[in-house]
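Order of writing sets the chain letters: A, B, C and D. Residues in each chain are counted from 1.
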Amino acid sequence: MNLYEYQAKELFKKFGISIPVGKHVATEADLQWNKFPVVVKAQVLTGGRGKAGGIKFANDIGDLQAKGKEILAMSIKGLKVRSLLLEEKLEIAKEYYLSITLDRSTKRPVIIASTSGGMEIEDVEDSKIVKYWIDPTLGYSSFIGREVSFKLGLSTEESKQFQDVLGKIFALYEGYDCELVEINPLVVLKDGKILAGDAKVVVDSDSLFRHKELFENPAERTELEELAFKRGYALVELGGDIGVIANGAGLTMATLDGLTLKGLKPKNFLDLGGSDDVEKVVGAFQILKEAKIRGILINIFGGVTHCDTVANGIAEAKKRVGINVPIVVRLSGVNEDLGRQILKENGIESYSDMMDAINETVKVVK
Amino acid sequence: MSILVNEDTRIMVQGITGHQGSFNAIQMQKFGSKVVAGTSPGKGGSEVNGIKVFNTVKEAMKEDPNATFISVAAPYVLDAAKEAMYSGIDLIYILTEKVPYQDTMKIVSLASKLGKKVVGPNGPGVTSPFTCKLGIMPNQIFKKGNVGVISRSGTLTYEIVNLITTNGLGESTVVGLGGDPVTGMNYIDALEEFKKDDQTDAVAMVGEIGGTAEEEAAEYIKDRFNKPVVSYITGRSAPPGKRMGHAGAIISRGKGTAESKVKALEDAGVSVASYPYEIPSLLKEVLK
Amino acid sequence: MNLYEYQAKELFKKFGISIPVGKHVATEADLQWNKFPVVVKAQVLTGGRGKAGGIKFANDIGDLQAKGKEILAMSIKGLKVRSLLLEEKLEIAKEYYLSITLDRSTKRPVIIASTSGGMEIEDVEDSKIVKYWIDPTLGYSSFIGREVSFKLGLSTEESKQFQDVLGKIFALYEGYDCELVEINPLVVLKDGKILAGDAKVVVDSDSLFRHKELFENPAERTELEELAFKRGYALVELGGDIGVIANGAGLTMATLDGLTLKGLKPKNFLDLGGSDDVEKVVGAFQILKEAKIRGILINIFGGVTHCDTVANGIAEAKKRVGINVPIVVRLSGVNEDLGRQILKENGIESYSDMMDAINETVKVVK
Amino acid sequence: MSILVNEDTRIMVQGITGHQGSFNAIQMQKFGSKVVAGTSPGKGGSEVNGIKVFNTVKEAMKEDPNATFISVAAPYVLDAAKEAMYSGIDLIYILTEKVPYQDTMKIVSLASKLGKKVVGPNGPGVTSPFTCKLGIMPNQIFKKGNVGVISRSGTLTYEIVNLITTNGLGESTVVGLGGDPVTGMNYIDALEEFKKDDQTDAVAMVGEIGGTAEEEAAEYIKDRFNKPVVSYITGRSAPPGKRMGHAGAIISRGKGTAESKVKALEDAGVSVASYPYEIPSLLKEVLK
């Protein structure tokens, strides 16, 4: 789960990391400030807001209110700007980069730091990047901060502050089960003080049971995804027009890939998961009913999910949900024959082979 | 021989009185696995289909298990894995999905220090027809044979194993690594086991988007593997930045695309299928 | 450093461990309470206060004030009672024992628990004690609590509360660098609720740099020890009448042992440590000047501490401090000859052999 | 041969620019030890008596040290030890006193998982005349010989080593375990090293009140040690409940008395001296 900059900075504050003086503003009425110039930053869960006009400077109260209203009315990359962060303008001397994230290859958290901050870290040349992999059993220890800051070539005074920030963001990274904590830029002010100019925090959604004070930011999901999420389904909207229901993430992706290779555009990823429940199947159709599609392909390989259960679900859905686009069904595995029989009795044709079902889908939606 | 599990594998089920735990304990028994004990705090003294239930792993050690099937809720997986490792269990299989990845990271790091092996979380486990199944794969899709299978998926693995079986081939061992961004065993670990395994003559490697495990496996195959490998990679049509069901199946910051994996594998001399159904014929070719 | 019961219970509260309703009272004027009967407990850093009359029940306000005054006026095992803890009287059903302490042999923290509480754990038979050693790299994990409580044979409801307490005292043990956290008795109330009847916490004095909110309880030291502590000397008062100054804890103890075997009673342990400083030697004499002694034995084996430095210190002390009991000096090791020469010039005889010096001490104090 | 240290020992000094660090680095050099590097954050690039100073241990590894002398303030010892262990140093000697014992516990536990050896904290280190001194023992008291010495003390060790030397005997290696309640190496660890050491024909074991390490050593000597041992135990006159200078020298709850240790050692066939000066004659007797 991505946090908004203002939420991330609240966590920074909690962990004692210096941030600019700022104020989170959700309504036009709150557009008040008393020390100018001030920075007005759109709060959206996407990169590139600067280029999109989502960051502006205001020189007086009138300017602030005009620009604030303007940004509050914007959408950036399809996401509506719902609030702003007002912040003091900083006297920036240098911009550094600092993050902690998961390195999947080594299965360890990796510290990434650079004295070239303010741009995407992917655009910084490797020789200017310092990386340090942390042993999860050992955790963070001060020597790690020393190693990183000496490699960066920081001055003694900068090094001290940098190590302090690093220790604290590691505590945040661990304490809030983060996937990413990123400070870009990590600002060195003209007076030598170091603070977090921006803040990006991504929390592992699977860890939210132990961070009850955080709640999911809904803006990360489309309407259809939000609907599916609320009903307990794993759905990803893709933008095509063929509805897909399958079981297992891998098989569902393989189904999407098969349709795509055949020239169709899937509307969605929808995984029934390891369930064996008629209502779960019916519910999947209820969600797809809300989507604009030209047909539905159901691809089931029966294991934990029994084919007869799925067949009963499809038959139920046909009666109750009222889908008015073609439905193609593939059933294979546990109780396959029984499932195919149930479908037949309900006037639905089905296939045993996945490719046959994909080819049939191509045919019926043309 | 098989890899990871065999006729000497003695399985304990942590969380045996839960729905998943009891169902799968019985399915494993039916497959022929030796399920020797289960745990469920507060239910010590009871039985599940003849399997003795204990309050703690320490007590369950009386039955001399050497592998565990962990099927407790996500918040308790770290504790359960520690309990197993510190009681002397050598092979830890974790079924549970949605385990916080930092917990998995701790389990994996601790396991490597203690010399333990971890399979999963969020995968279907390890099956060797028909000596032992440690996991949840459907019993009826297997045939004993000479193909090793490694996959990050569940159902897609069954699909492919079923294709192998119904096309006249058979499996030595099938390993489901799990769909999380961090898992215990990865492709290279499994390939290293297959390298030493007499029964395995070829490997089918099923990959998906996210991370760079397939790319690293390709490097390993190119330089250090001794048997033919065929592969299928899923998620070619997945958009960047979206998790495709599995927590680990995500293209982020340009990394983890299917294209990159397919290219790496092909560069390593691996035949990569476009559709799952092509796997058996690719295998037959390399096994000629 | 030992904490008083009331201090330990404040820490318990901080970690969420249930304690009885109570109030810390330092003056007679504060002897107020409104729900009787109430328990009045002397706050002293020694065991056996119950037997010594330091714990009493009061049935009304008059009774409380009388008994409170009485206990405030007491000394227990030589320690003045400086304050009281007033606590609600508990409806006790059962008394358990629970502690975490260091096991020096295994170099691990050990959990010690028993359903036989309320008495010294040393008096409980082994078969009724459950022990669990914790791997310091691993730390505490819930399964440990389950193992201990199942071994104790607790009921489901008790087990749940017990595990909760155990997890919390481990957090306290680690978080405050404790040598010991002990709850004896851990009380099971008639309504089934579990709480800490008593609380004993010993914090590692060497860790106080990271627990600045705790301050040393002075009552642990005698007046002479307090004087030495303030001046930065490691001194232990022993009660005899021969002053001892030596360097190194082991050699100092060996000096005391030698004197004791020869029938003398040492007044003190005083280790100059690894210093090489004339003033440190002079200061040691200044402390011993405050003690009632019949003679002083100085036993130095020169390494880091040079013999000539010590000799100069003794000569200085002779001039400035004015010791009027016999002084016997043993100097050996680095710069021994020079040191002996310096002493000779100042009219002080010295020995090279430790036994000769001990024998000489026996002679001069008779 | 000696134990723990020898002519291949390459010493790094962590905290080399401090008073203790620089003084002892030079003393070790004078003794003949190879002191190859030092660390002092922020002072990288400087030198101490010809020894190169680095900002971090990782940088200092260029000089290929395999042992470290840690002489940083107590609050930083845990970090310094981790830095050394994680950089690949195998032998960690900690001079610092007043290290919180839970920090030492973590160091020792981590070291055992990583296969490292720890000597100290709060002890004088290890000296083998005249191949290597890793520690702070005075240079002039030693003579090469066949007596191994193990002690928890500092100055008392020097006293006894000096007695051994001046009475015509000599030392193979002298090990100061340290005076804290938790230390890395203990008597048994050192005895196991001496057991395998050809140069050592007898061991002098200097003990003190507190804990049960001497009692455990006595059990080990009785059952599994192969050379004669003589001993001196100090603290016979110490009252219970008082720390005698060393954090570890305390009789608590009836445990750790000198009587108990003397009895255990005598039961194991060890000759126990009443006064330090008796050690050389006891040694001469067992070495006959």
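By definition in this document, a residue touches a chain if its C-beta (ideal position, glycine included) is under 8 Å from a C-beta of that chain, and two chains touch if they have at least 3 such contacts.
Fair warning: this is a prediction, and the values are worked out from it, not measured in the lab.
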| item | value |
| --- | --- |
| Shared interface partners, meaning chains that touch chain B and chain D | A, C |
| Maximum centroid distance from chain D, chain identifier (CA atoms) | A |
| Chain centre separation in whole Å, for chain B relative to chain A (CA means) | 27 |
| Intercentroid distance (Cα basis), chain C paired with chain A, Å | 55 |
| Set of chain B residues in contact with two or more other chains | 110, 113 |
| Per-residue multi-chain contacts in chain C, two or more chains | 135, 137 |
| Of all residues in chain B, those that touch chain A in their complex | 74-75, 98-102, 105-106, 108-110, 113, 136-138, 140-141, 151-159, 162, 179, 181-182, 206, 208-213, 216, 232, 234-239, 242-249, 253-254, 258, 274-277 |
| Chain A residues within the chain B interface of the complex | 102, 104-105, 107-109, 122, 135-137, 174, 177, 179, 204, 206-207, 209-210, 234, 236, 238-239, 246-254, 256-261, 266, 269, 271, 274, 301-304, 332-334, 353-355 |
| Residue ranges of chain B touching chain C (in the complex, touch as defined) | 41-42, 44, 55-59, 76, 78-80, 82-83, 86, 110 |
| Chain C residues touching chain B - in the complex, by the definition given at the top | 135, 138, 141-143, 146-147, 150, 156, 159 |
